[in-house]
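Reviewing the structure listed below.
A, B, C and D label the chains in the order they appear, each numbered from 1.
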Amino acid sequence: MAAEMDGLATLVCGAFSSNAQRSKESGETIYRIPASRSYESYGQMFLAEQQLPQNQRMDFVVIATPNYLHYPVAIAALDAGFHVVCDKPVAFNVEEASALQSKVGECGLKFALTHNYTGYPMIREARALIQEGKLGTIRRVNCEYLQGWLAQPMQDNKQAEWRTDPERAGAAGCFGDIGSHAENLMSYVTGLKIEALCADTTTFVHGRKLEDDGNVLLRFAGGAKGMLSVSQIALGKENDLKLQVFGHRASIEWCQDDANSLIVRHAGAPMQVFRSGWAGTGAYSSAATRLPPGHPEGYLEAFAEVYKNFCNHLLGVVDSADYPSIAEGVRGMRFIESVVASAEKGAQWITLD
Amino acid sequence: MAAEMDGLATLVCGAFSSNAQRSKESGETIYRIPASRSYESYGQMFLAEQQLPQNQRMDFVVIATPNYLHYPVAIAALDAGFHVVCDKPVAFNVEEASALQSKVGECGLKFALTHNYTGYPMIREARALIQEGKLGTIRRVNCEYLQGWLAQPMQDNKQAEWRTDPERAGAAGCFGDIGSHAENLMSYVTGLKIEALCADTTTFVHGRKLEDDGNVLLRFAGGAKGMLSVSQIALGKENDLKLQVFGHRASIEWCQDDANSLIVRHAGAPMQVFRSGWAGTGAYSSAATRLPPGHPEGYLEAFAEVYKNFCNHLLGVVDSADYPSIAEGVRGMRFIESVVASAEKGAQWITLD
Amino acid sequence: MAAEMDGLATLVCGAFSSNAQRSKESGETIYRIPASRSYESYGQMFLAEQQLPQNQRMDFVVIATPNYLHYPVAIAALDAGFHVVCDKPVAFNVEEASALQSKVGECGLKFALTHNYTGYPMIREARALIQEGKLGTIRRVNCEYLQGWLAQPMQDNKQAEWRTDPERAGAAGCFGDIGSHAENLMSYVTGLKIEALCADTTTFVHGRKLEDDGNVLLRFAGGAKGMLSVSQIALGKENDLKLQVFGHRASIEWCQDDANSLIVRHAGAPMQVFRSGWAGTGAYSSAATRLPPGHPEGYLEAFAEVYKNFCNHLLGVVDSADYPSIAEGVRGMRFIESVVASAEKGAQWITLD
Amino acid sequence: MAAEMDGLATLVCGAFSSNAQRSKESGETIYRIPASRSYESYGQMFLAEQQLPQNQRMDFVVIATPNYLHYPVAIAALDAGFHVVCDKPVAFNVEEASALQSKVGECGLKFALTHNYTGYPMIREARALIQEGKLGTIRRVNCEYLQGWLAQPMQDNKQAEWRTDPERAGAAGCFGDIGSHAENLMSYVTGLKIEALCADTTTFVHGRKLEDDGNVLLRFAGGAKGMLSVSQIALGKENDLKLQVFGHRASIEWCQDDANSLIVRHAGAPMQVFRSGWAGTGAYSSAATRLPPGHPEGYLEAFAEVYKNFCNHLLGVVDSADYPSIAEGVRGMRFIESVVASAEKGAQWITLD
């Protein structure tokens, strides 16, 4: 839905299952794709699509698989000459992520990472305000990403299964799944680099192999401090992503549940609430707003922003990549691995180079 | 975006301007429609599309014109054998609306009216709770639909121009444009019939020909009372649609700005907040929820619900029409005309038969 | 608690019951008043207190009785030379209220009416903003005062009993009890005079003798329009007093449940939220703020404001009466009677002279 | 105001300044205390009051001085036979706090510590829900106490001066002033003991001698984890105290700015909002509620709860101490010292015995 929202992309083919028959059925019933273009493997798909005439074959591939497949599929796609939109985290570990970064650099193809939360207009407004210096020097960053859907053991839930399986998800549980979004959001909005962290993670649900909860102390280059809470056992929380950034001139507060508002506080004036599409918001956030003010936009529109900007880049409508890419992917993997390393040492400080 | 969201419909042709050249240009640049199917008039479009093979021609037409064109375009579409999705209010006056109702009844084609606010999951939850008797006998309904975008004279704004022009909008200004949505929402959620009303409307902006503000006392069949505030000069309000319904057992409160929440209050228990997709919501609202809880859905998803249910009806996936149709259109026009009639008499009570 | 909050007044005597023994007991156990100053009637109290030396006797009386006693007790107090703080509505009907106004005018004593909602800092800020012209010409006023505690018949509840008894409450039920507060709040904040109204009231609970719900269309001098919803059967609502005022330059929104915030909206700028005690608020509201920002103040502090300003006036600390007085009382009674008169005619327009 | 709110205590004397003349003036003009009972030192006060007849002298002393005076004044008061209500933190360091604890134990007098946030009805409701097992095993605690009033250097502000002066405030800045409240709130609500912590504190304002910001990782006995953010440089924040507690059955969320609401979330049911005084709240919170639901209570009422319960204990109305006392004071000092110790080591883990 997000990819097609702006009329810039259409799903034309796919490898929907490793079972050939099931892939064709899914393609037809769910996505209305002709059987001939529902493939049984990504390898087969890249091979077949390569052979179609330029104006008929797919332009880019979307990788929406469990984490361990991100790297091999992305490499194969790039090798086959297809641009890539890839789910986060970008790879299974930093090593893979770095190798992929080299590959992207060499091949000249485009690569987007679906850190969809960067697409919210008010997140973009926050970034712009900070870049313009409205907050002054940043001192403190508070970020929470709390979910509760894994508060109990989840049986027979495919999403839960692979996300809590180190073979498919990687070294981290909730920090790979949602902590990486939080890291990206903080970096995107503040522009600050994490220099060191101290992570205390926990696996609360008995028998689970990866952490489902954790708190992280953060130190940013330049002296700002931060704290991050990530959980998938925060019972009753839906998908609560919240960001607060405090500067020496002003501060901002945003939460996904009221995504079209951005609270801005100054020392000597009443609190302001910026609203998507309303007067006072800048060009950067306005470009990500599709509807008049008061017509609530949500998760899909934010996600669509990644695709829109990626497609416009592919099409040459814009010159630069206004979407998360492989550099963010490598940085994110390094963050995840640092959290895991810190936690394994009993929550000791880890320096990120 | 809303029509195509669920992959059930695709824009294949259109009459985008009465200027042939401009229609083709709009079709190509905005909608990526081949020039051959961008028509210069709806008449030409219906004629040409009729002549295409069944599996190539358009299945239904979407009428998104100023109000005065709804009726003639709808009649022409039905005459040409096309199903219709029409903007509200359904016609220029009750007479036209009734004629259209007869036509729809005779021709056997399907007709949907885009009262998109009925598509919000929590609005559907409210309707279900009331139908199940959870609120008991309804006593009071409070509805506000407040916008501020017409608080000043609007020059060179096409949307504002026709909406404030009696030749194109009809007998009512804000009550035709948004008051009709409010009436539909109250009726949809409560199932109550308005028996009488007393409307005090005002044109606050000098030179404007239609009312831009008004308050209405409502009396419903069965004894419930209501209050409706409608304005397009409520400066600073974006698109604030709010509904409260009070029964003798419980009450509900919903506002579009927090569309994924429904407040439910009981006398002897803590307040509840139902959330889209979360435990406790019923099948009726769940069917209108596309994303997991906490992934905000908004205006487009609600609007898409009208299209999704209409398409599924066309396709035979469902048997009944779970979308606003011509009956709601006639009722809405009667409401609008009654408001105008009451206001013209200096805000006297008008009985709706 | 409110009267004594600022250390300007102390309860020194009272007539707590018409039963002498019970009055003494209440005085001692609840209020820690010596038996000698717990009287069995207001007449006895005025007589006895008059005979005490000036510096020992009570300075003013607080009338907190059912409505039908306001007038006789107030007259007796003024006759005995005591200043008066009286509950609203000020009297049983307009006739009594006017007589009391004459009396107050003649006797030179001070009279305060406990419209406590005028004491909220953010209500005062709203009034100041409007007086300074920040909102421009006022066009629309929306006021809701919704409670649910009378949604069912109330047996053996003393508060409910007299409030729904025309012998003790007067001609109006919820409009006397809380509608009068709403009228006062609108008048206090906007400075506008109600010229005409149309009230549709209802008694929803079987057997109740006074209306427990109603909606009112309002026309103000100068052309502004308003709507007022008042209910005590709005099940689940606690004490929800909400005010919105829309001008041609800006608008304000306030609700008691978030009493320390005042939303201010402009056409060309982000929404502002004024906060009690925070930068940007004016002197008038600051004078009513007792605590640093973020230390929530509530109902008692607002109520205390009436007493504080009254006491400071008595003590000569301030020269003018910054509290509701007899003029507001007469205006309020006229409003209540007009609502009742309009409702009795089936919700016809009534002109207030 | 808080001490006198419930009519159980009256200010009868004081040492308002170390300058005798100024003490008398403050006593008279601000507190309406006769000059004879406005003392120039606490020593003089205790001596003089001791000599008054039992029924005329003060019953307990309230210590509202900078931190370094808490201990000597408290000891002197207890030696003189007066009960004590003392500001937090209870002493200058753990050593003093422990000595005071011994003293209180020996002398048989009563001692209250003004952790006023424990007086909010909804905080008490949260505590009761947890004690009743409604949340199940607690897994995660998130607490924020953010203020912004020290975001810039404060000149000529007496409150700021002593709070940032190690000679008068002690070893900690914001953790002594407000972090200690947060620790007390978490302990009071959850009943959990902090076993270890890791604190990263910062002094952001140049020239300040004590930390004005910090984040703390927490480990509780039994396996729960926690995160605490404390700041006085969180620009734009007023006095934002927020607590979230997540159990394996349910979770709660409370923030001071909406103090009369308590959000309760369960896995399989709609979210609930408990409200002060409304149905569903228990006896423990109801006892701390003074007004009907919807009549906002705030900071003063919560503070008054400490005095009310202390006075009722003194008066023998209740048998047990339902207020923070010296044990909480010692625990709080240990927390503060542990934070300082952890921070001094560069944010290493510290075990609390």
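Definition applied: a residue touches a chain if its C-beta (ideal position, glycine included) is under 8 Å from a C-beta of that chain, and two chains touch if they have at least 3 such contacts.
Predicted model, so just to flag it, every value in this text is computed and none were measured.
Q: Going by the stated contact rule, which chains contact chain A and chain D alike?
A: Under the touch definition, chain A and chain D have B, C as mutual neighbours.
Q: Between chain D and chain C, is it the same set of residue numbers doing the touching on each side, over half shared, or a different set?
A: Comparing the two copies, chain C and chain D contact each other through largely the same residue numbers, since over half are shared.
Q: Can you tell me which chain lies farthest from chain C, using the average of the Cα atoms as each chain's centre?
A: A
Q: Taking the mean of the C-alpha atoms as each chain's centre, how many Å separate chain B from chain C?
A: 41
Q: I'd like to verify one number: the distance from the centre of chain A to the centre of chain B, where each centre is the average of its C-alpha atoms, in whole angstrom.
A: It comes to 35 Å between the two C-alpha centres.
Q: How many angstrom lie between the CA centroids of chain B and chain D, rounded to a whole number?
A: The computed centroid separation for chain B versus chain D comes out at 54 Å.
Q: What are the residues of chain D that contact at least two other chains?
A: If we look for residues of chain D contacting two or more partner chains, we find 237, 264, 266-267, 271, 275, 278.
Q: Quick check on the complex: what are the chain D residues that touch chain A?
A: For this pair, the touching residues of chain D are 139-140, 142, 144, 148, 151-152, 198, 200, 202, 204, 213-215, 217, 219, 223, 225-227, 229, 231, 233-237, 244, 246-251, 264-267, 271, 346-347, 349.
Q: Residues of chain D touching chain C in their complex?
A: 1, 4-7, 31-32, 147, 149, 237-240, 256-260, 275, 277-278, 290-301
Q: Inside the complex, what are the residues of chain D that reach chain B?
A: The touching residues are 264, 266-275, 278-281.
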